[in-house]
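Dropping a structure here in structure tokens format, bear with me for questions.
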Amino acid sequence: MAADNAPFVRLAGIRKNFGAVQALAGVDLSIPAGRMVSVVGHNGAGKSTLMQVLAGTLAADAGEIGIGGVERQAGYDVHVAQALGIRCVFQELSLCPNLSVVENTRVVHPGLGGFGWRRRCRALIVEALDAIFPGHNIDPDRTAGELAIGQRQMVETARAFTEAGTKVRLVILDEPTASLDADAASHLLRFTEAARAKGIALVFISHRLPEILGHADEVVVMRDGEVAGGGAARDFTEERLVELMGVVREAASEGGRTETSVGALRVEETGAAGRRLPLRLHAGEIVGLGGLAGHGQRAVLQAVFAAAHGRDGHWRVRGSVAYVSGDRQSEGVFPLWSVGLNTTVSRLRALAHAGIISLRSERTLAEEWRRRLEIRTPGIDRPITSLSGGNQQKVLLARALASAADTILFDDPLRGVDVGTKRELYRHVAEAARAGKAFLWHTTENIELENCDRIYVFHRGTITDEIPRAELSEERLIRASFAAGMSDATGMSGAPDMSGAR
Amino acid sequence: EAGAASTASDGIALSNSYAGNGWRQQMLKMWDLAAKHGIAIGAIAKTKVVNSDNSAPQQATQISDLTLQGWKAIVIDAASPTALNGVIQQACSAHIVVVVFDSLATAPCAYKVAYNYVQMGEIEADYVAKHLGDKGNVLEVRGIAGTSVDNDIHQGIVQAFAKYPGIKLVGSVHGNWTQSIAQKEVAGILPTLPKVDAVVTQGGDGYGTFQAFKTAGRPTPLIIMGNRQDELALWKQLAGGPGGYPTISLSSAPGVSSIAFWVAQQVLAGVNVPKTVHVPLLIIRANDLDAWLKAVPPGGVSTPLYGQKWTEDLIAANLGHSALPESPIPTGVP
Amino acid sequence: MLAEIRLPSASPRVLLPAAALVAMLVLIFAMEPRAMSYFGLTLLLNFALPAVFAAMAQMAVIAAGDIDLGLGPFISLVNCLAATWLTTRPVAGIVALALLVAAYAAIGALIHLRRLPSIVVTLGASFVWLGLALLVLPTPGGGAPAWLTTLLAVRPPGVPLPVLISILVGLIGWLLLMRTSYGTVLRGIGGNPRAVARAGWSLLGGRVALYTAAGILGVLAGLALTGLNTAGDATVGTEYTLVSIAAVIVGGGEFVGGIVSPAGAVIGAWIMLLTGSLLSFLDISTDWQLSVQGGILILVLGLRALEERPAA
Amino acid sequence: MKQRLAVALEARPWIWSFAAALLVWIAIAASVAGHGAMATIAVALQFGTFYAVVGIAQMLVIAAGPGNIDLSIPGVMTVAGYLAMGMTGEVNSGLVLGLLVGLGVGLAAGVFNIVLIDALRIPPMIGTLASGFVFQSMAIAYSRHSHARPAPLLADFVSARLLGIPLIALVFMALTVLTAFLLRRSIFGRSVLAIGQNREAARLAGLAVRPSLALVYLASGILAALAGILLSAYSGGAALNMGGEYLLMSIAVVVLGGTSIAGGQASPAGLWGAAILLDLVVTMLNVLGVGAGLRFVVTGIIIIGVLALARGPEARY
């Protein structure tokens, strides 16, 4: 068999069930060497499951696995996969927070022991980081837990491309750009081209369709555990992808907002020391916090949240505040609880009489929000961990909307949510704003800023620009993100959240 | 006349393994009284007490520290009969007088102020057997498993009962010398036992045993008492009932710390002291009960305070293998 | 020497307990200048060895994100075996000790395979160890093997034995756990087990390795204790359970996340040891000695919190 | 079918402790040929009540999340027992004062623990260990001044039986039901369970994290004090070493009862199964006349065995 026409990976009829849930219903997938295949699909379509099967961390229930032209299904596991040069950057970050960047690199290279391993690991990871994310500013001796989420994502991505012993043949990137800002994401996408040139095959999963259409060689669309279509990336458009994913909604055209009725002042920065523009937020407004990731947007959200609970002198906050984090594992879900309990937890006071919660009102509320946000689950009594990541994220959003808070703080809450769901959620946000809620919305996806009435752009902890939606342009955004050329463009994520508002 | 050397400038320290029960608290109080008296009459210059939290390694460390501080004598109520032997040997090598009492350590170089616990078991078993007329069921309430005191008393009881074929040991529980635990353990096994005629105990557990019988609605058997105030008061109360209540109280007296204090002082003074000084058990019989009850406060533990003179007599009796002096009956314990 | 070790992020964790230790030593030296001598230090730190080994054993378990409530009774059991079988029937004694280490490994495996909470499994095990110790040696007694007592009585030139071995143990622990590549993976298990498993490592193997290390260190603690005590006692080690846990935490370790420090554990063990010692140097009413012990613990850990606060 | 059973068991982790208790009880009944077997249950309930009260305290703390544990319970029990007995002065008319002071001590102990844990950020396991030393030492100091017996009314109450069942067992079963209800239905209970699962998420969800944690330690202090008072009343007065056995047993009762040591979930009903089990095991071994060594070995194996069967619902990896 000639190496040229045989794909590096050939999966056929892969099936995987989790209890009663069929995650993969017989999936075929080929990945040629030196090409980037993009897998798209709605939340819960089975993309991550398929990748885990390919990476050897999950055993398929049925199906054929061929790697490098050899059938492998018997005894195929993570060791075999690694020996064959298959690497995976998992959707949930897989660094050990107590180990340094160097030490985390060692963890993925079982053969890299012995004398001087530290030196060798450092050289490997620094080289990879430099190559993929120039100007990354990450100290390889810092422990992973101290890094901002974007930096952790960079480390993990770079780590997958390090070579020790076995040659890297295939790298699976499961939503690697979800926590990266536009700049870092574009660095990564540029690097994939260099990797492809060296013959490395890539699988790239993202819910950001432009990234896919602009960079992938081939696209595979998944829907409900099956392949719904695919082909050369240049033959696709966003609308065609969305259509194949099966999430076409009447709201599809609703990109931005038109009417805004501004109400009372909700949030006001009183002690904007060192900040040129003080932040303000009114009822009925959706205000975006843009700029590169880790430049103080999150610190502002945290400070506003703290101020609402009476702990910050620099902010004046009127009314109640709810917070939605995109980091659902560490800041969102209560993993032992059902979908229902997770939905209502911020509304308990209103559901209780004399401190005792009315279970009936609670159910009603949870059911209502499940319906309104179309959370995909057989019932609100199912454990939240049985939901797909994107649906879990919807629950968190439902929690905030159900809480009746006047102001809702968004800390990149739509991370990893599929495009159809997103549009749906944008509509809910707009609707809530019309009803008088105020939103402070930090996002790493610039396109999302189109949903905002005004955008504050952050650089190194200060606001460098305030852009009304009408004047929003990619150029102006980028200029402000780099502080209008005031400082060098390498300041990317230099001081994550540290220089932020205190 | 006490001895050749003056001990007026010497210091005697007490290392106590555990302060967490009433017996030990009373023991510390008696030490305090003896030492204060000793200082007042110029027998010694100073004292110090260090408690460890029932931890042999911690006590060993503290004995090392006392050695380092240059105390002339160290008196020890040990956490373990064996675990302190290393540091005790070390102290002896530094020419420090080491006296162990109550819970002994076996290091050969240490002076031992010793109760005969095997004998204690024998006495109570004999009393029970005689009183029951060599016929009846007996429950045994033991102390803390794994300690030599518990084993000695148990051994004495078993040995003595071997002589009385009509006596049957129908059950055995560990009451850990603690009222609440004894009560719980006895209450637990009681429903499964036939009629119990007598209970042999180790002290500190008589009241709890009685409570267990009472709550179970069982007739009160003959319970050998210890020397806690609640045990004596109970005895008094039971004795007031019809037919009286025959029993004895058998125990080690916390005042033994004052004997150990004076033994240490005597050794320092150069008096000839045997390596083992036997101490008579505190035996309270019915006719002394009122006098003892008067002397012990609620929650207290009855004990005499032994003086220097009494201790000298004790040492002499031990040397001459003559009868040990009787424990003094208290005239009022502070 | 320990303070010079380059631990990029852990060093502040170790510096504070080190400072506390120095303060305690200074206090003791001020009250008792004789403690400053070779002989004085030997006496003062006599019982450091079992405490240090126990702390290291506990640290191995805590590194896996677990906790060992059975360590104290385990040390007692080793003490009883060493004072009986190891003296009279050395082969049987050695086999028994090896089996104990294997039992520890088995506990680690059980905890992993059945996904049990370590805190309760080891609590159950503590009863088993105590029971076995009582079966081996119903009343205190026996005698330490001569080689063991001789070994612990060695007086190396310059540095007292307990100091020397403490430093050695800390150093070896640091090398194995913090510097070797497999030690790094083991700590990774405490930090993010799933990530380590996905990288192809056996979590079962890792946990068994850590528990085996704990077993070996527990045996060493028991042997050291036997050498110092010269005899056996089934209840002698009980306190080491809580002392070792406190030592690891005082030394900068954390209960979760695989955050531990071998150097810190050694320092923590010394602090715990000297806390008991201080009672014999200070003049405190016997009623309140326990309070002072608690107070010192609160002080040492409370300082750490104050130091950490600005960063939080 | 089999799967449904597994799910049902997983949702009711407390079943195992009751099942094990039943087995042990059958063993006792068999070995004494039924003689007094019913009475052993009443006795186990009587003493199990003390385990259960302490267990509720420890369970609330453990449910509040990883690392939360209260090792000061024995110290609090002892000092509260002494002060309550002392202030009561052995007369019924002093009961109100005695109980108030005793429970007040528990409250103060809880406050002290909160200061250590919340303000000084000392890990609870070590902080409460240290504070336990302090409380124990207070009890020692106080025991020099007073050593009173319980007032007759209180003593009668703790040993009273209703239809052969210990009255305090019934009272505290009611308290257990109330606790279960509050955990499920009150804002406080929900907050505790949420904090136990994910503290940061709880904060961002707007729950009162620090007050809830404080409340948990306060409740633990008060319940421990209550247990100390009742135990003192039952055994005719406080004793310095009466709390010792509750240090580790309080944890064992909680976890054997099906509460996850990782927090976020609580199983109040299981406390009773575990408490009765632990009491009956001792009775069984006493009845069998087993020596102390074997007794401990069997107890340990039973603890591990029940646990291995009733592995908690928390999934890992």
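In order of appearance the chains are A, B, C and D, and numbering begins at 1 in each one.
The rule we apply is simple: contacts are C-beta pairs under 8 Å (C-beta built on N, C-alpha and C of every residue); 3 or more make two chains touch, one makes a residue touch a chain.
Everything quoted here is computed from the prediction, not taken from an experiment.
Q: When I count C-beta pairs in contact, which pair ends up with more: B-C or B-D?
A: B-C is joined by more C-beta pairs in contact.
Q: Using the average of all C-alpha atoms in each chain as its centre, how far is it in Å between chain B and chain C?
A: Computed value for the inter-centroid distance: 35 Å.
Q: Per the centroid of Cα atoms for each chain, what is the distance between chain B and chain D, given in Å?
A: Roughly 33 Å separates the two chain centres.
Q: What whole-number Å value describes the gap between the mean CA coordinates of chain C and chain D?
A: 29
Q: State, to the nearest whole Å, the distance from the C-alpha centre of chain A to the C-alpha centre of chain B.
A: Here the centre of chain B sits 72 Å away from the centre of chain A.
Q: Do you know which chain B residues sit against two or more other chains?
A: 19, 53, 145-146
Q: Which residues of chain D are in contact with two or more other chains?
A: Answer for chain D, listing residues that touch two or more other chains: 133, 136, 140, 144, 260, 292-293, 314-315.
Q: If you look at chain A, which of its residues touch at least two other chains?
A: Not one residue in chain A touches at least two other chains.
Q: Every touching chain pair, please?
A: A-C, A-D, B-C, B-D, C-D
Q: Which part of chain C faces chain A closely enough to touch in the complex?
A: 8-9, 179-182, 184-185, 187-188, 190-192, 194-201, 257-259
Q: Could you pull out which chain C residues touch chain B in their complex?
A: My answer: residues 32, 34-35, 40, 43-44, 46-47, 50-51, 83, 133-134, 138-142, 149, 225, 227-240, 243, 273, 276-277, 279-281, 283, 286-287, 289-290, 293.
Q: Can you name the residues of chain A that touch chain C in the complex?
A: 55, 57, 78-79, 82, 88, 90, 94-100, 103-104, 106-108, 110, 112-114, 117-118, 141-143, 145-146
Q: Within their complex, state which residues of chain A touch chain D.
A: Residues of chain A touching chain D: 305, 309, 320-323, 325, 330-337, 341, 345-346, 348-349, 352, 355-357, 359, 385, 399, 403, 405.
Q: Quick one: which bits of chain D touch chain A in the complex? Just the residue numbers, please.
A: Going by the criterion above, the answer is residues 185-188, 190, 193-194, 197-198, 200-202, 204-207, 260, 264-265, 313-315.
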